[in-house]
Each structure stands twice: as structure tokens, then as C-alpha cells.
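A, B and C are the chain letters, set down in written order, and residue numbers restart from 1 in every chain.
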Amino acid sequence: MDWVISTNGPGLYEFTDEVRARVSGTGVLTLFVQHTSCSLLIQENADPEVRDDMQAFFERLVPPSDHPTMSYLRHTYEGPDDMPAHIKAAMLPVSLSIPVVDGRLQLGTWQGIYLFEHRAMAHRRRVVGMLR
Amino acid sequence: MDWVISTNGPGLYEFTDEVRARVSGTGVLTLFVQHTSCSLLIQENADPEVRDDMQAFFERLVPPSDHPTMSYLRHTYEGPDDMPAHIKAAMLPVSLSIPVVDGRLQLGTWQGIYLFEHRAMAHRRRVVGMLR
Amino acid sequence: MDWVISTNGPGLYEFTDEVRARVSGTGVLTLFVQHTSCSLLIQENADPEVRDDMQAFFERLVPPSDHPTMSYLRHTYEGPDDMPAHIKAAMLPVSLSIPVVDGRLQLGTWQGIYLFEHRAMAHRRRVVGMLR
């Protein structure tokens, strides 16, 4: 079971419905993203401003490597957004474990599942899933 | 299997014993918190100052939205502690996976299981568990 | 199934091959580190500068407790690197869930598995694994 999420710049891309459509039975669903410059995230799916603010915060916490405060970074040849993307990918989940009962994801009322893209260029991101 | 943890302001609420009391058999215990403004955390359960320092650090890393450095935030109508709570909930675990052998959680000597509340108001937080 | 990783100061210690050598069958591999001052991490295993930059970032985000900006910390008697180590251990994964198919870890091309040591002194770190 896997999903490919096309991204077009930094931000949160929801794929809760795509996950829901593929899940049946009871067990724990593991989602695992096979990249080191984007993340998985469970977050509020009500107000889109939450997603904008989320990205704005992490952009400030880990600025591009050409920002004056980041001059100590050495891995810069893949672009100013690359090393910060790896750092964000370390801070935010690479895997999620979600209980499923009778085919229903046990998410809270306001929880959605997101791919959090950290790179500027368009990417196709692969998420592997397994229910056990 | 689930737990409801009553919180009364920001901080770490231990519920290791409550988890231990409900676990039997062998497998991986998944804990999943059904909210987007609190977190799960495994941390030192010896010195209470560790918990105070932990909260103090995250309070400074993600200040309330009425703090001058946070003026870029837009999702502010649910109170100055709301958007920072979502950000902390993104940075800290929403799910934990803990091996269990013959009913014993495979925690290290100093590890305890906590609900990390990020909101100021009292809340009842629901954690879903599944052993597989 | 467990691994002991000897560390000799802060930084990323890869043990992908050691994990690969012990995994067979199909399921989800849970890795769980039994300590509160180091972390698990999945990160790029190509350019070693990524690991150096990673550590440099977190060293600046959470400076030693004798740094002027950290004077609010109270849990300081185990050394200036101790409380920052607990904070980093909260921000970075204590557990990882990795799908395995026919004995093959479903890692992406550039993903490696690391023990991220946050303490200055040498340590022996224990990681427990379970495939279900």
C-alpha cells in the first residue's frame, strides 16, 4: 500500500481521504515517508491559516542556508532550501502509527494527515503504508 | 484500550502506571493522542525539574502569539496559546510505539510516559492504545 | 532483538547495516531507544556534511545550560550538556516504525538509520527492536 503525493513548493498537503479510502480491517496503520527532505504530520484540518502559520514558523526556526544566521552550514551545494529541509525532516515525523478499528482511522475530530513538503522545487513524494 | 487524561494548564502529566496496568502479552503498543494541541512524550521520570525545564524551553521556543516575535501568526482568534500549541503538537510526538514483552513495557530505567499539555485551559485528553 | 551502540560524544552514529542484518520476513519493524538523552533518526546517508550540519543546528537551537540564553534552566547538576540532551531527546524520535517486505527495510534510497547522541561523555545506548 503506498501513496504518491505531488508537491509544488513548501507547505502542507493533506491526504487523509486517500488514506481512508485504502484502509480496511483492524490494526495499526504505519505510514512511512521514503525521503529525507519532507515529513509526515497530523494536524488540524479545519482552519487553513493553521497550515500557513505552521509553515511560517518552521521557515523562521530553520531559515534558508543563505540567511546570515545560518552561515555555519556546510551542506549548501544543493541550494539554500536543502539543508534546512533535512533539519525540518529530522524534527518532524518520518513515520506515523495510527490505530484502525473496523476500517475506521482512529483520528480525532480535527486531525488530518499531511505530507509536509520542505523543498522549493516540485517533487513526487512516496509514502509507504502497512496495516498490521 | 484508551485513557482520558485531565489536564489543568501546560505541562507534563505522567500516566506510565495507568498504561502498565492495562498491558498484557507481547507485541508493540501504539499510543495515539487524538488532539492537535497536546503531545505524547517519553521522558525522564526522576527529577521533576526536568519536566519544568522542558516546558520552559518549549514556551520560549514557541512563544504565545501576542509575543512581539510571533506577530506573523494569523490563526489567533482561539487565544494566544492556541497556534503555539499546534506548533508544539507538530514538533512533539502524536504517536509512540513501545515494545512489550510478557506484559512488561520495554522502557528504560528512567523513562516515563507523559501527556504534554500545551493549552492554558483545562482539557480532557484522549489517548488510544492498541497492542499488536 | 536489540542493538547496543557505543557513542563517544555528540553526533550521528549510523547502524542501518546492523539493523538490516537482523531483519527477516514481512511486517513493521519498531525501533525504540531506552534512554532520555539520545534519539533515533532517519536521515540522509550520502554526504557526511549533512550529519555535521544537523548536529550544529541542534547545538545552537538548544545550547548548553551554561550558555547565557539558557539561564532559566534548573536541572543543571548533571552537567551543562544534560538538560539540553533531554530537550533534544524530546524533539527527536524515541521510536521509529519502518515497514519491512520479505526481509527488506522499505527505506528510501538516501535514508539511513542513526543513533543521535546528545551527551558529551561516552555512552552505551540500547535500542530494542520488534517486528510484527
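We adopt the following convention: a residue touches a chain if its C-beta (ideal position, glycine included) is under 8 Å from a C-beta of that chain, and two chains touch if they have at least 3 such contacts.
Please read these numbers as outputs of a predicted model, since none were measured by experiment.
Between subunit B and subunit C, two chains of identical sequence, the interface residue sets overlap only in part, with shared numbers making up under half of the total.
To overlay subunit A on subunit C by their CA atoms, one rotates by 120 degrees, a value rounded to a multiple of 5.
With each centre defined as the average position of its C-alpha atoms, the distance from subunit B to subunit C rounds to 20 Å.
Among the residues of subunit B, those touching two or more other chains are numbered 28, 61, 91, 93, 96-97, 132.
On the subunit B side of its complex with subunit A, the touching residues are 28, 30, 32-36, 61-62, 72-75, 83, 86-87, 89-91, 93-97, 126, 128-130, 132. The residues of subunit B lying in touch with subunit C in their complex are 27-28, 41-44, 47, 49-50, 52-54, 56-57, 60-61, 91-93, 96-99, 106-111, 132.
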